[in-house]
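The data blocks that follow each hold one structure.
Okay, so chain A shows up in both of these, paired with chain B first and chain C after.
Up next, the complex of A and B:
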């Protein structure tokens, strides 16, 4: 009976994984398909789409831009998340809930609206939409995700450790650096990685805020798919998928943290 | 001369007053124990001394210097926390050396000081381990070593023994006393455990509801409580409430609500004023025949008996007064059955008469 329940459980898990990851696996399969239209039945295995991808300047340049934008915006968002989470959890602030809701705001607004609103704001301020603007807007959009994860790990932090550090002569900043941050490192790392991934794959926010010089990878992919659909796009998508998976695995090993569950 | 001085410290949390104008003097090299039930303000007092809380009013002086405005990291006050608060990500060496590292001490000196501190707490050879790899008693020693390694001007201990089992607690009690002698450091120790306070302290400050009730050396505070609360806090005591019927110098007779005419010692009483007669359980005698010499002797009935190994506790009623008795379990001690008619007696010197203000 118990074994039956166990196998039903595993079967259920496999089905859930298939449901979530199935479409992605189809894309990966397509990227190795030699058929020239997409999607189409599998003909024969080939690496030519990956070769084409590596020869495609636009994809390569946009990958670089996406990586830079994601890195910088994730750094900014995580740094802001540390201070915001600290203030929200450690100190009895007046209007704490309001502040928390405000910081979570970007979650509630459709991404396309964020992009449009930012475009208008930047336009009215008479600024040029450059890489800096893109990074800042991404940082705003991914802040709630980083904040949630940092807050979760800070909620488990025992603040008596800060008092211990203080009694031993460490001021606020050194306490933060030597005690608090090392203790919440898993939350920081996962917050940073989530933020990075969300920025890297984001399309709607970037849609209004990129120029040909600052086109991110999702923008270039989107534009490419508007003109034609061949397995090259599947190869690009698979490359992102594989890079993300490898990065997560490495980070899980290095930080000994569980990113997904 | 006072080394640590608290003067009229007041502290309130959201309308609840934790400390009412508390004043306390601690001498240099003294082991002062703040004792009281939970919520009496003893931990708040400790946190005000450490600088984790700032008092709403009053002064904190250490070595003659006012330190109220000094942040905790600049006070040079070592703290041992109830939960030990060891840094989980640092080794034992890292923990003990933390304070010196923050002071910018050279690495070689830190190493030396850490070794010495671990030697003082008799915990050598575990320097490379993480706190979670140590037992509770060992963690406690690391916490002590970490606090003394900075050679603090004052060491504060917040219920440091409450997370240990009974046997280990006794052992650590002796250890703390030994360390205090060896290092010669002034300590303020917070506990709710009267035995711990009596065994450890040079002086005890008994607190209740944010106020200091009595301060004194352990034997004094045990034998001569100044307040019915103090009398009931230490050991087991019979508190007989009533009113003063007769005063002859220090000899006071009170008529208790339970209908006894008890004679005891007390000062400055007027006939008719409310008073409490206090007799420790172990000062009450039980006998089958009426004792002739005792100043207080009353017919009573045994209503309960509890065997505790080294002692036997009896519950008796004399008239309407409940009297508890603790008898040592020694050879030749008479055993009384519940329901037996006996006499309870005590001398007038063992009956302390206090003003009933509680």
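Up next, the complex of A and C:
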């Protein structure tokens, strides 16, 4: 009876994981499939779709835009998160819950609404959409994630070390820079990388805020997928999949990232 | 400095303790709250396209006056509700089984769940477009053998639900898992040694203690499903609009910024109201 329950459990878990990973596996498989019509049964393995991707100017240019936007917005979000997390964790603050709920606010707003709202503000101020707006709106979107990870690592930090540094004559900022930040470097790094990835793959936040010159990779994929689905787009998608899979292993192994629990 | 004056060291320290929060608070005020205020303003603004004059609720009245938009609102809620229920029904048992796995295997299984979260829905939805199409590797062989008629799943509400269950499931499993992990093993041992069977332990000990986790998983799943754009856009398409894709259509296809703003504000208000009401209901229910 116990055995039976055990194998039913295993079977259930296998099915759940097949469901979770199925779409990704299909994309990776199709990106190596030499058949030109799509989708079609596996014929033979090929790298030609990846070669086409690397020769595709629009995809390459948008990857650079995405990397710039993700880098800048992750830097902004992480910097803001360091100070905010420090204030929220270091001392018992009155109104701490309200403040941290407000800072987690972007999580509660649908991504497409975050983007639309920025478009409305830009429009009403008579400004033009450009890279700056895109970077700022991405920083808004990823701030809660960066904050959560930095807070988690600060919560494990022994603040006695700060008091030791200060009793030896170091000022506040000096203590922060030379003692606290180096100690929580893994948390900062994982917050930054996580924020970078979330920005890099995001579509809805950027949807209304790009021009042909500032089209990010997801925007170019979006435009491409409006007209056709083919092995080339599968290669682009599976390149992203493989890159994020590697990144999440690195996050886990090197930085001991715990997103949940 | 005399004791009791407003500038005593303790008070200064208190006031300074808030300083590091200022940049982040200002940043959100300027780049999230001000834009949202601009959106509210835009939703109340006269609409050139449908000839509204003056500020008011005309844009909202217009949305509520058409069966097409009412159906869009209802579809949004219906899909979010069904997705939440399925994700909980599948996610809870999965998390429960994961809890009992050995530390090593369990940890790896948990990391695997973060893959789809990191890659985001755009990449993954492509997989569903392949899997759910009649010519895809899932359905094509079955129709070839005559076991199945072509389903034409793409462009239906069912396809959206499948895509969104897939999108929300990892969040639900991870949230429930972390609340199940907090239940001490000793407690389960104690229940078992007092003669409780597997099901009794689950129903009388594990389930009640995991309710906070279930509550937050419910809220996460519902808000993710109601605010998702990518799955409804690609798996449902223009015939199965939800509020997010309606916003997209207003901006990208009909260039009506005021109606887009009204639909966006409507989505925010409806989500906030449902989350608030649900939380109130549950806390009252728990307090008995």
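Here is the rule we use: the second predicted complex is superposed on the first by the 224 of 261 C-alpha atoms of A that agree within 3 Å, B and C clash if a C-alpha of one lies under 4 Å from a C-alpha of the other, contacts with A are read in each partner's own complex, and residues count from 1 in each chain.
Everything below uses one rule, namely that a contact is a pair of C-beta atoms (placed from the backbone, for glycine too) under 8 Å apart; a residue touches a chain by one contact, two chains touch by 3 or more.
Keep in mind that this is a model prediction, so the values were computed, not measured.
Of the two partner chains, chain B is the only one touched by A:164; chain C is not. Ranked by how many residues of chain A each touches, chain B and chain C are led by C. Of the two partner chains, chain B is the only one touched by A:179; chain C is not. In the superposed pair of complexes, A:43 makes contact with neither chain B nor chain C. Contacts of A:87 after superposition on the shared chain: chain C is touched, whereas chain B is not. Across the superposed pair, chain B and chain C touch chain A at no common residue. Interface residues of chain C, counted against chain A in their complex, comprise 13-14, 17-21, 23-25, 27-28, 31-32, 34-36, 38-39, 41-42, 90, 93-94, 97-98, 109-120, 122-131, 133, 135-137, 166, 169-170, 173-175, 177-178, 181, 198, 223, 226-230, 234, 244, 247-248, 251-252, 257, 260-261, 264, 267-268, 271-272.
Residues 158, 160-161, 163-171, 174, 178-179, 182-183 of chain A touch chain B in their complex. Within the complex formed with chain A, the residues of chain B that make contact are 50-52, 71-79, 81, 83, 85-89, 98-99, 102-103, 146-147, 150.
Chain A meets chain C in the complex at residues 5, 9, 12-13, 16-17, 19-27, 30, 39-41, 76, 79-81, 83-84, 86-88, 90-91, 93, 99, 102-103, 105-106, 108-114, 116-121, 123-124, 136-137, 139-140, 143, 147, 194, 197-198, 201-204, 207-208, 218, 221-222, 225, 229, 233-234, 237, 240-241, 244-245, 247-249, 252, 259-261.
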